[in-house]
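In what comes next, chain A is part of two complexes: it sits with chain B in the first one and with chain C in the second one.
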Partner chain A sequence: MLKASDLMVFYENMLALNNVTIDIKSNSITGIFGSNSAGKSTLMHMISGIILDMQKKEEMKGGERISSYGTIDFEHQEISKLKPHERARMGIILCPERRRIFAESSVMENLKIGAFLSTSAETKENLDYVLHIFPHLTKHLHRQGGFLSGGEQQMLAIGRAIMAKPKLLLLDEPLLGLSPLYQKIVVTAIKEIRNSKKIAIIITEQYARPIIPIIEYGYIIENGSSVLEGTGNELLDNPDVKSAYFGV
Partner chain B sequence: MKRSERVDRGINVRSEGIYAISSLKEILYLAGPRMALVLILFLLPVVLDSVPYWKRVVNIMLVYSLLAISFDFLANYVGLVCLGCSFFVGVGGYTSAILNSYLHVPIYLSIPLASVLGAVICTLLLLPCLWLRGVYFAIITLMYPLLLTRVIEALNIFGGTNGISGIESLPGNDLENYIIIVVMLAILFGLRRFVNQDIGLVMRGVKDNDQSIRASGINVTWIKTQAVFIASLIGCFAGSYLVHLYIWAGLSLFALDFSIIPIAAVTIGGSGFLIGAVVGSFILVPLSEFLRFFGSFRIVIYCVVLTLFIVFKSEGIMMYISRRYHQFERWVDV
Partner chain C sequence: MDILVYGTINSIILALMSLGFTLVYSISRLPNFAHGALYIATGYTVWMLLNSLELSYPLAILIGILGTAASGALIYRFALIRVRGMEISEVIASYAIGLAIIEGLRWGGLRGSTFTLPSFMSGSITFFDVSIDYQRLIIMVTGFAVFVMLYLFTRFTKTGLAFRGIAQDERASMMLGIDSDFTAILSLAIGSGLAGLSAVILLPLGNIVVETGYNVLIFSIAVSIIGGLGSWSGVVVASFIIGFAQILTEVFLSSHYQMVVALLAIIVTLLIKPSGIMGKQKELEERV
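Presenting the complex of A and B:
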């Protein structure tokens, strides 16, 4: 479904991504694991096109120069030059790190903003769907997004991404700062989304253990390069990976 | 595949530490640009000796650069966007005029006194809205000059619409130039030093994240008060200098020009440098004088130039120049 080859990103002279190639199959969950500063978020920004926006903004204020190389092939179309909103229209939806929900809008409004690209019938259907997988949100529908707890904000962020009818959903550190209970809820929900919506999902995370049971394929990134790839069990079998990303 | 890479010049790296004073070359590299600015400013009145009109323009240019410094300091180091530099100019100007014309305070006392008194008045008037942030502070600073204009007009105090005349003029043609040159340089270099002191660092912290500053046990409003006092001190000096330059104080001191041109200058010169504000006004004020040739078409050209700058060089001239000075580019293989 998506094949990104030879991705390279420089933040000024610092190499953030070095020849990373990933291949995402449709209707699958792919995990991307790596420590801080490994390049996970940069990879997400590359796929969703946000990097082009960052590039422009840095250029405007005369800051760091970001240069990116590589090809991204999405459903047999080369998209690496497309702007983020065009990619979103094609169905690549990013659920950003640290949630970035609209703090002063209510939960309902947040979800409706996410549904900007859908028709009203789809919106209604998706809204019911989001409330079905995240029943927690139902009782807070008219509260301001900023007043939700961290876990609820994360659910809202994922819900908002679903409202945009993704074909490829990018979840950047969805478990960041969640309690084990909420982690479980979110992970179950992600699996449920894949099963019922038949979409491809990419999850990045530092700690792989909660994610590994639901992924079909995984990549491990270190210092900007992809060092290992394989199915969940293959990753689990590697002793180095075990100690570094599973805490065993 | 090739990629252009920015690398610090060797001399830039060398001159960061103790090696800065190792040879004349390093010293020149560091002090050269600063010396050049000082030298150019001191030579300007000599060079323009035959054209007194342009000497006047230089004075106005320096007044605007003071205002631009004050705007840049408040906006980019403390996070208070002040749309009312004319408020500072007006208060400083009127205070100086009252001191000099009504109370007969001599000029060498009235300018410093008016700067300090004016700054106190400005700070006190802005005090109630200091805990506001963003657009609220901006709106209130924009409103004060309008308010004071109407008050003076309606109550017919301080000469009403006629203004205050009979103010002592600045002594001598050269002194008039050099006063503002010296003060501008002192404020520029002093403030550049100040923003890197402890208190300056706290002010920059207030801009970034005022909640963390509060959590560190620092009173944010007090910090902002100090910052506003410094900025209004600069603005009030500019106003009181202007009054003695024109030998007249009137409602035009509260004109919108004094608020807008400094902001435009900071935008063009590069925000967050202080020197950028100075360079910006050195470009804008003479440009606007040159454009007088076009008559009423002047504003149109002025606006087009501004827009082009913002769209194509939004980083600011100083940002661009300093990058060229400290770094070079080369092509490398990816």
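Presenting the complex of A and C:
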């Protein structure tokens, strides 16, 4: 459903992504693993189009020069020049790193803002669905987003992204800073979302162990290059991967 | 008692004047320095429609406000969009447009005190021994109505919710499919429309003179800085502070000091609490 080929991104002269090619099948969960600054978030920004916004803002400020190359094909359409909101309209929704909850809005309002692209019938259906997979949120519906705990904020961020009715959901480090208990809830929920909504999901994460059981396919990125790819079990069996990403 | 009544009225006038400016800034982070010019241009347009084209008053008002809203949108679409993100250039560009409008009007013949808009209803009522004319009463009612409508708009409509999203985190909103340029155009249209609306209901209190354009801009900036840039509740609080301070100076000193009060308030705010009265949350965020 999505094929991104030969992606290259430079921040000034620093190479952040180097000839990365990924292929995402519909109704699948794909994991992208790599350490800090390996290029995971840059890859997410490339797919969601946020890189174009960053480019423009930096150019206006006279800041860093960001250049990006490569083609992204989504449902047989070349989208690498489309703006982020146009891609969101096509169904590519990014749930960003560090969640970026609307802190001054209540949980309910966060979800409603997320439903910008949905009709009111879809909004209602998705709202019930989000509260069904994250029952935790139900009792905090009228609390300000900024006052939630990290785990609750992550649930809200994923819920907000679902309200935008994604076809391809990008989750950038959804487990960052969560307790093992919340990690488990989030991972279970991600699997449940894929099963019931039949959408494609990409998850990036530094630490692969909690994610690997639910992925169909995975990529490992180091210093901006994709160094290894394979199904979950193939990655698990690779001794280098084992020591680097599973802490064995 | 008249201090209380006229203080309240003056505060609502200030709030109405500056609401458009704050709305644009809070949503799009654009300081619209053409705000005062749009205000006075609306007054003049309505006067022209009334006296040259002899349209009916309500129709002239409607066209005036819609025209101003459209020019706000055009200003963004053709000028500000090119400099968006360069803060100094945003200020310079919008101020230049404002200056061109105001001085253009002066050059075009808006001079002297012959330009007045009729008040909606003549007469007055007495309220606790203070007589208030109907125009000021209409201003109070409109002020409340505008605030209530904006509150409902931003909480219960899709566009309003998109505004709230963009105002809090532009990039996160983009990821959800909200177009930042589109909301900016819309916010400028609504902000300018509010400038037009306030012009139409406030100008019948006096003459239409070009200098009002500068005064409105200064008052709007004063109110938004004191209330905390981009904070709506701050607008109300700051309007009441400046509004009452002005009435008090008028009573105990002289009406010449009105502008001094507003400017002094800016200086004091910047010295004591640079983020403004209601700017607390943003200040905290920056520290973290």
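Here is the rule we go by: the second predicted complex is superposed on the first by the 248 of 248 C-alpha atoms of A that agree within 3 Å, B and C clash if a C-alpha of one lies under 4 Å from a C-alpha of the other, contacts with A are read in each partner's own complex, and residues count from 1 in each chain.
Keep this in mind: a residue touches a chain if its C-beta (ideal position, glycine included) is under 8 Å from a C-beta of that chain, and two chains touch if they have at least 3 such contacts.
Given the structure is predicted, the values throughout are model-derived calculations rather than measurements.
Undergrad: Given the alignment on chain A, is it a clash or a fit between chain B and chain C?
TA: clash
Undergrad: Thinking of the overlay built on chain A, is A:53 touched by chain B (first), by chain C (second), by both, or by neither?
TA: In the superposed model, A:53 contacts chain C only, not chain B.
Undergrad: More residues of chain A in touch with chain C or with chain B?
TA: C
Undergrad: Touching A:198 in the superposition: chain B (first), chain C (second), both, neither?
TA: neither
Undergrad: Would you sort A:61 into first (chain B), second (chain C), both or neither based on which partner it touches?
TA: After superposing on A, A:61 lies in contact with both chain B and chain C.
Undergrad: Quick check for you: in the superposed arrangement, does A:13 touch first (chain B), second (chain C), both or neither?
TA: First partner only.
Undergrad: After the superposition on A, what does A:69 contact: first (chain B), second (chain C), both or neither?
TA: First partner only, chain B.
Undergrad: Touch test for A:81: chain B only (first), chain C only (second), both, or neither?
TA: After superposing on A, A:81 lies clear of both chain B and chain C.
Undergrad: With both complexes superposed on chain A, which partner does A:124 reach: first (chain B), second (chain C), both or neither?
TA: After superposing on A, A:124 lies clear of both chain B and chain C.
Undergrad: If the shared chain A is used to align the two complexes, which stretch of chain B, 6-14, 132-140 or 240-248, clashes with chain C?
TA: 132-140
Undergrad: Mind sorting out which residues of chain A both chain B and chain C touch, each in its own complex?
TA: On chain A, the residues that contact chain B in one structure and chain C in the other are 60-61.
Undergrad: Over in the complex, which chain C residues touch chain A? Could you list them?
TA: Those residues of chain C that touch chain A are 83-86, 155, 158, 161-162, 164-165, 168-169, 171-180, 281, 285.
Undergrad: Would you mind writing out the residues of chain A in touch with chain B in their complex?
TA: Residue list for chain A touching chain B: 8, 10, 12-13, 59-62, 65, 67, 69.
Undergrad: Within their complex, state which residues of chain A touch chain C.
TA: 48, 50, 53, 56-57, 60-61, 83-85, 88-89, 93-96, 100-105, 109, 112-117, 160-161, 163-164
Undergrad: Across the complex, what residues on chain B touch chain A?
TA: 1, 3, 5-7, 270, 314-316, 319-320, 323, 334
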